[in-house]
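I'd like to ask you about the structure that follows.
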Amino acid sequence: MSYLTDEPIDPHALVRRVMRPSDGAYVLFEGVVRNHHHGKAVESIFYDAYRPMAEKEMELIVRDVESRFPDVALAVVHRLGHLVVGDSSIAIVACSPHRAESFEACRMTIDRIKQTVPIWKKERGPDGEEWLGWQGNDGQGQC
Amino acid sequence: MSYLTDEPIDPHALVRRVMRPSDGAYVLFEGVVRNHHHGKAVESIFYDAYRPMAEKEMELIVRDVESRFPDVALAVVHRLGHLVVGDSSIAIVACSPHRAESFEACRMTIDRIKQTVPIWKKERGPDGEEWLGWQGNDGQGQC
Amino acid sequence: MRTMKVRLLFFAVLRDIAGTDMHELALSDGTTARDVWQSLRGQYAKLSDYTQPPMIAINETYATPETVLRDGDELAFIPPVAGG
Amino acid sequence: MRTMKVRLLFFAVLRDIAGTDMHELALSDGTTARDVWQSLRGQYAKLSDYTQPPMIAINETYATPETVLRDGDELAFIPPVAGG
């Protein structure tokens, strides 16, 4: 299960949606706007997306990771729009009867989302604003 | 930061306590009472501890993991007493500027807590109750 | 030679450069995604140095630059993604 | 031979077996943690098969079975832990 939102993320609602009575563990990852990037101060980030394609790509990733970890259930929500330091841009929940699969599935999911889902961010700080990944930028968008 | 509690765990309070503006990610692990263990139905679990030693051991682990991942801040809370299916027994938050360290630190912390912290569980189900890890049990207490 | 209509979408830095989020293109048969990129390089000075196109999506699916476009396709050039 | 006082704590399955959470022991000088375990095996039939003691904590710190106890020590046998 995955979707985009323009609202603040409620990670606990996501956990409740996905947990089953047979699950003994969940791992929740949240990506959060931080106050720096490659040594530059950051105040806010604008997240843009090719929405229908981003939704398709996220769901493809969720289904592929779930097929690799059959005991795992996954839920992903990515927020778009203007976010400030401390706001969560993404939440991923992986739950499973045993913890190892949840850790692995959660991490695989965020790694793959960062590789292929058409979402972009424009960082804004005291030095101006810039789309990450273009013109000599690092293209990593790491968090 | 780590402690024991007899109350339900509020994982978000834990996240708020530990996150810093420089953090771009956190990983939250929760261990949850599940409805089965090694093929047997489980209804509830009683968690017992050697409390002062458990607190010391948890804090030793937290400090050691933080020393291995200098960018990571950790918070751990373990609940004791009677828990039913769906209740969380432990929450671990690891936060850091970049996500890789949070995943690794969170997982190392739960793995080590399960190895050495003097906490025990008595599982109760339709077939009676049993302390895990004694008399031919698996001793893993996996979640 | 017949012509076909293709919607070209712009996102992120490319939308800023193009000053719009969409072009309706009328293309001749056989035009590839790479051909459209080359034409954009002529149109926008800020793209002229980019001899290779970024990632390409056709109808919301990743595709190669050599893909031949068809009438009604939705084409997008995908700048380096930075989700998460 | 002098004697010393040691508090022996019971947890989890061992508390159920002993029917109490604490014994005050009066031990002779030189007694080790392993010696105390052997004495418990004689005292509680359910422990008689366990020739090796479980993990041992002295004053809230893990210790080896051969550790010689001192007056005022707090000793605990730690059944296989199952936290998390």
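A, B, C and D are the chain letters, set down in written order, and residue numbers restart from 1 in every chain.
Everything below uses one rule, namely that a contact is a pair of C-beta atoms (placed from the backbone, for glycine too) under 8 Å apart; a residue touches a chain by one contact, two chains touch by 3 or more.
None of the values given here were measured: they were computed from a predicted structure.
Touch-path distance (fewest steps) from chain A to chain D is 2.
The mean-CA centres of chain B and chain C are about 50 angstrom from one another, to the nearest whole unit.
Computed from the mean C-alpha positions, the centre of chain A lies at a distance of 26 Å from the centre of chain C.
In whole angstrom, the spacing between the mean C-alpha positions of chain A and chain B is 24. Annotation for chain C: no residues touch two or more other chains. The residues of chain A that reach two or more other chains are 31, 110, 143, listed in rising order. The list of touching chain pairs reads A-B, A-C, B-D. Chain A contributes residues 31, 47-50, 52-54, 56, 78, 89-90, 110, 113-122, 131-135, 137, 139-141, 143 to its touches with chain C in the complex.
Of all residues in chain D, only 9, 11-13, 15-16, 57, 60-62, 76, 78-84 touch chain B in the complex they form.
Remark: chain A residues 11-12, 19, 21-36, 85-86, 97-99, 102-103, 106-107, 110, 142-143 touch chain B in the complex.
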